[in-house]
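To keep things simple, chains are lettered A, B, C, D and E as they appear, and every chain counts its residues starting from 1.
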C-alpha cells in the first residue's frame, strides 16, 4: 500500500541515538572479548600464554638448537642457576633455560594439535550424533562410552605403547583419549541448539542439512568447545608430561617439559633445579590456560554477565 | 473452491514417547481461502504448533493429506519441497530463539535468497535485503547488527523479512506476538496486516490470545488436545460460542472493561495428557454437560450454522 | 491531615530510586517512585518489560540483589516503619510473614528438591513459632485452601502441573496471613483458563483475609478485573495512578492512552490498532525531560527540556505530564492518593 | 528402579565387549610376541614357535577374541604372561588398595572442594573468591607426580612424618591420597562454585529469601542440595578416574594398585593382564557411574521419578 | 632393660628392590627380582663363594666319573619347607624339569641324563664334555625343587614355592611385598632374623628415601645419583661392587652399514665410555673391554679399550664409504639408564656425522624386533649369572644362536664358533681360560657388540645390618645376616 504504511513505526527519535543498537558490526566475539578484557585473572592468563607463544616463535633467536639445546656438555652437569646458566644445567650439562624455551614449541604443538585433532574428530562425531539423533546417535555415543569407560590416561598409555612413542603418536593418543569429551560437549550443545527455532527456521527456508550443521549449528556450539579446548590444551600438556614421566612421552634429545621433569626426578634431592624449573613452567602455563579458560567460560556465558 | 489455497484433511501427528503414543494432532480438517487469515487458538500443548509444523513438513505427518494449491504435498520429494518453501513460510513465536545469534540481520534475511539462488551477485543481494528491510520497517543502518543487540520487536521484523524474502503466498504465524510487549505487539500486528493487504498473503495465525486472534482473523479454529472442536468466522465464534470449551475459554479472558462482569465458566482442572487419549470427546472429563454418549463414539465437526462448525455431541440439544 | 493519611496507609513508598550498576553502566530501574496502599486494597502495577515493576517489588521486600542493585534514595514505610532502615534480622521477620511475594514463574519458584509440604511448612515454622508437626499440619490446610488435596503435601514440585505449582506458591505466600501480598505477574506463564482459576482464588483469599495486594502485570484486563487502584509505570516512574475506574475511564497520560490503543478490544472491533511508536528507552541512558517524550504523539519542545511533576487531574487521579501541568497545579502526591 | 538398574547393567555388556575388542586388537596387532615374552630372552626359537601354536596365537584374530570372551564370561581372564598368575586373582588382590586410595582421595577432595566452592560462590568477586579459585586452579595446574615428589621430599625425607611409599599402614595412605585429592579438589571446587552460582540465581532461592529464611539456611538447605546435583556427577567421574587413572601417583608412591598393574602389564605386553585390568576398570568405572546416577535419584526427585 | 630391649628388637629385615618378583618357580623365569627372592627359599647343589670358587651346597661332595659324568653326593637329612626330605629323585626331577622348560633350558641343555644311584647319590651326564657345568648348577634356576610339592601345586607353584633354603615363603601381596620367615629345619641352622620382607619400590628415588627413613634395611639398585647421599648418612653403608653385568651397544651385523667392520670400529672410536660412566652412572661402573666382566671366569684382562678418537673414527668411516656419515637409529627399552646412554651416544656419534635417532621400544616389542633383526643398533645388558665365560659368550656370539636365542647382533664368525665349542667341551680350566682370552681379542677387534661398561652393584644397607655378603651375580643370600645389638 502506501509508503507511509511500511514506514517503521518503531523508528522513533530514539533510534537515532547511538546508544544500544549501534550500527557498527560488533559481533558476539567482540562482546566476549570486551567482557574478557575486564577479567583481570583471564588477562593475566592471556599475557602468560602470549609470552609462551612468543618464546616458542623466537626460540631459535634465544638459543640455538644444535649447539645449546641438544648438545651435551658433560663437564657442566647438574650445575645450579648461575649467570651463565640462568636456570642451571641438566644431567647432560645442557642449559635448562634454553631447553625450557625450546620446550614450549613441543608442548604447545602437542597441546594445540592434539586438542585440534580431538575437536575435529570429537566435534564432528558429536555434531552428527546430536543433529541426526536416533540410531546414529546411539551408535556413536555407545562407541564413545567405550572410550570413556577406559580412563583417558590409560587409553593414552595403551595407544602410545601400541603405536610407539613419538611426537605424532603422542598427539594422536592424547587426541583420541579426549575425543569422547568433545563429542559429548558438542553433542550436548547441538542437542540444545537443534531444537531451537532458528534451526527450524533454516529448514523452513529450505536449507540443506549440511548448511544447517555448518552455518547454524556449529557456530553456535563453539563456545563450550572453546572453553573446553583451552582447558584441553592444558590437559594435553599435563598428559604429555605424565606420559613422559613413565617413559612414554617425547623422545630425547627433544626438549619437552614433562620429559625434562621426568628425566630430572632422580636428581630431585641433589639438583633441585632440574625438576623445579620445568615443573614450575608446566604449572604456570597450565595455570594460565586455566585462568583463560575460566575467563572465557564466564565471558561466553551471558548469564554470568555481572 | 478455486480460491482455496490450503486444505488439510484428517491430519494426524503422533509422537512415540516412553509413556505411550502422544496424539499431538489427531484428525484435523480445515481449508483456507487465498488472502484470508485462519486463527488457531487453544491452550498450551493442544497441538497448534505441531499442526503448523506438519503443514510445512518440518515434521512428517503420521497420516492425512495436505493440499496446497490442489497438490498433495505430503508426497513431495526433496526438490519439490525446496520449490514449495518459496510459497509457504513460517514466522516463529520467540524472536530470541528463532534468529541465529551468530548471524547479522542482513545475513539472516539474505539466507533464503542465497539458498534458492534468487540473486546473481552480492550487490543484488544487498539490494534485495535492503528492500526487504524497508518493507518490514527496519532502518537500513541495522544491516550489520546482531540479533542480541536488538529489541524483540525489531527481531520479529527480521523474522518476518526472512519469511517474506522468497515472496511466499502463505505464511504460518506461530504466536508471532505473544513474546512481545503490548505496544510492540500492536506495531507488529499492524505490520502483518499491512503486508497481507499489500502482498495478498494468506495466514494461519496461531495464538492463545483470544483478543488478538479475534482482531486478526477471518476465521477461527479452536483446538483441544489435538483436535479441532469448533471453527467459525471470527465474529460468529465470539458472538455465539457453542462448544463448552470455547465458552469457557472466552469467559476466561479478563476484559479491560470494568463493567464487563464476567459470567465465568471456570473450568476445573487442567488440560489433560495427550498420551493415549480415551475415545470420544477429549473435553468430556472437564465438561459439566458431559453425557455418556460423549465418550461412546468419536465426535466430528458438525456445521450448525453457516460456516460455523462444532464438535460436540450436545450441541443444539440445549 | 497528612499525619492521619500516613497512619492509615499500610504501605507508603516515597521517592524510591533503585539503580543497577553493571560494568560501569548505571541502569536507572526505579526513579523517584511514589505509591501508597491501604489495608485490603489491591493495586495493579502495570508496565512494559523493563519498566521497573519487579525492581519495585524487590525494593519493598528488601531483596534487591546487591551487587549490582542499590537503593539510592527513598523510604518504604510499612505500617509506620521504614523497611529500608530496618535491621536485617528484623526485616527477615517481616518477609514472608507480614509481606509476602509471589514470583512470576511458578515453574521455577519452587525448590525442586523439597516437597511442597516442606516448602509451605518452612515459612510457618520460621514465623509462627510452632512445632514442626504443627507447621506441617498447617501446610496441609493451606494446600486444601488453594484447592489441592492435603495428601499431596509429600509430593515434589515436578509432580504438579503449572497451575498447581502456582497455587502452591500462593499457599506459601498466604501461609502466615500477611498484611501485604506482592504478586509479580502471577499468571503470565499460565493458560487463560488456568489464569482465571488462579485469579479467582487470589481474589477470594484476599478478601477473606483482608490482605492488601500489589498485583504486577502488563495485562490491562487482569487489572480491570482484580484491582481497586492502578499505577502505570514507564521507565522507572509512575506516569499515571489512581482509582482504577478513574484511570481507565479518564485516561490522561499519553502513554496510558497508547497502551489502551495497543490492545485489541474484544467488544469493539477496530480495523487497525493504534500503538505507541518506538520502544522503551535505554534504561542506562534515559531521555531528558519527560521520559516518554520521544514516543509521545503530543510531545513539544518543552517535553524534552523539563521533567513533569505529578499532577492531580480534575477527576482525582495523578498523572505526570507537562500537558496537564499547564492546566492543573502540581500537588502533593501523598495527600491526593488518600 | 530395578528395571532401570537392570537396563543399565545390560547396557554395560556392549560397552565391555567394545572395550575388550579395542584392547584385544591393540594388543594383537602391535609388535611383540607373547610366546617370546613368556619364555624370556634366551628361549630357543623352536620352543617359541611351539608355544605360539599351543597358545593358539596362530589362530585367526576373531577366533582368539571369541575365545577370550568365552573364558571371560565364566570369570576366567587367563593367566599373566609374565607371572603366570591368574589375572582375576591378581586384580582382586590389588583392587582393595586402589579402592581405598581412590576413596580417600575423593573424600579429601570433597572435604576441601565443596566448602571452598560454596564460600567462593557466596562471596563472588571477593578476595576470598579470587583467592580460593586461584588455589583451586593451582591444584589442577600442578603435575600430580611433581606434587607427590615434593611431598615425599618434605614429609618423608625432611620431616620423617610418614612413609615415603608402599602400603604398610594407614599413614602410608596420607600422601598419595592428598596428592590424588588436590587435583580432584580443584575440579570439585570449580564445579561447586559454578553450580552454586547458577543455583543462587534461581527463582526458588529468591522465594526462600522472600519467605524470610535466614541466609545461611538459604545456602545450606535450599541452594546446596540443588547445587550438589551436578557436583555429584563430577565426584563420581573423579572417583572412577582415580580408580584406574591414578597411575602416576601409584608410581610415585610405589602403590600396589590396579592402575599401576595395568601400566606395567602394558609395558610388558602382558596381554591377559592388560585386557583383564582394562575390562575390570571399565566395569568399575561404569558401575560407579551407575551408582552416581542412582544417587541422583536420592538428591533429585525429578530424576527419581524417571527411574520408576 | 636389656631383656625388654631384646624383645623389642627388630625381627624383620626389609629389602627394597625395583620390581616385584614375577614368579617364585625358578624354572619359569630368569629375572633378577625373582631370583633375589628365590635364592632365599631354595638351595642349589653347589654354590659359589664371593671369589667365585665352587663350594658345596646341597651336594656335600662331587667327583668326575669320566669327562661327561659328574657324581654328586647329597647331604643327608635336608628338609624341604613342606617337611619332605631331600632325595636324589628330587634332583633328577628338578634337572629334567629344567631341561623341559624353554625359559631356563639353555642353562642346562648340555645335560643329557640324570641318574639316581641311591637316595643320596646322583649322576649328571652331559652330552659332551662340558667345562662350566658346576657354574651352571649354581644358577638360581638350578635350585632343587621338591617333586611332590611341584606336582601338588600344579600351575600355581610359582606362588607357593617350596625349597630347602633358609627362609620359607609366607605371603605375597602382589605388586607390593613378599614375606618370608626363617625355616626351622634349614640344614645350615635356623636364621637369626625371623622374618624377611621383599618390597617392590619401583622408583629409585623412593628406594633411597626409604633407606634414609629406615623403612627398608637393604636397598638394591640405588640410582647412581643417590650413592653420595647414602655414603654420607651415618646410619647407612654403601656397598659398591663389580657385578657380572655388562651394558653393551649391539650392531645388527646383517644390515648395512654394520655389516662393515670398519663402521663398527669407527663407532667404537667415536664413543667415550668414561663420559657415559661418569654422566649416566655417576661413576657406578667402569668402562669395559669385554662382553664379560672382570669377575667372570675366563675374563681376559689384557684387552685394550677403544679410546675416543674422532679423527680415527672419521677415517674409518671414510674408508668404509661413509665420509659424510649416515642416518641410523638405536633401539632401547624404556629403562631410564639405557635411554640416557642412548642420549650420550647420540651426542657423541653426532660428532662424526652419524645422525642417530633414539627409539624407545617397549620390552616385548624390543625382544621380538631384535630377535627378528628389525633393528639397526640396540642397547642391552648381559649378566653372566653363572660367573663362567661360557654363559656370557656362547649365546651372544655363536652363529647358531642368532636372534631370540641370544645373538641379537647376528654375528657369525667360524673361528669364534669353533673356539666357543672347544672352550665349552674342555674340562681343563687353564685351557678354557686361554680359549676365552682369544675369543675376547677377536670380539674386541670385530666389535659385533661394543661393551660399554661393567656395572657396579649399588646397594645401600643400614649400618645395623651385619653379615651381608656380596655376590657378583646380584642376588644375595641373606643367610647369616643379623641385626646389630
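Criterion: a residue touches a chain if its C-beta (ideal position, glycine included) is under 8 Å from a C-beta of that chain, and two chains touch if they have at least 3 such contacts.
Just so it is clear, the structure is predicted and the values come from calculations on it, not from any experiment.
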What's the overlap between the neighbours of chain D and those of chain E?
A
Neighbour overlap between chain A and chain E returns D
By mean C-alpha coordinates, which chain is most distant from chain C?
E
Report which interface contains more C-beta contacts, comparing A-B against C-D.
A-B
Averaged over CA atoms, how far is the centre of chain A from the centre of chain C? Could you give it in whole Å?
49
Centroid of chain B to centroid of chain D, CA atoms only: how many Å?
53
Would you kindly tell me how far, in whole Å, the mean C-alpha position of chain C lies from that of chain B?
33
By residue number and range, which residues of chain D touch two or more other chains?
30, 125, 149, 157, 251, 266-267
When you check chain B against every other chain, which residues touch at least two of them?
151, 153, 184, 187, 190
In chain C, what residues contact two or more other chains?
67, 275, 277, 279
Would you tell me which residues of chain E are touching chain A in their complex?
203-205, 223, 225-226, 228-229, 275, 278-280, 334, 336, 339-340, 342-344, 346-347, 357-362
Residue ranges of chain C in contact with chain D within the complex:
61, 63, 67, 92-97, 100-101, 103-105, 108-114, 122-123, 126-127, 156, 158-159, 169, 172
Chain B-facing residues of chain A, complex:
1, 5-11, 15, 20-28, 196-198, 200-208, 211, 215-216, 219-220, 302
Mind listing the chain E positions that touch chain D in their complex?
22-23, 25, 28-31, 102-106, 155-156, 158-159, 173-177, 199-203, 205-206, 209-210, 212-213, 215, 334, 362-365, 367-369, 371, 395, 403-406
Over in the complex, which chain C residues touch chain B? Could you list them?
48-49, 161-164, 191-197, 199-200, 218-222, 224-226, 244-245, 248-249, 258-267, 269-270, 272-277, 279-280
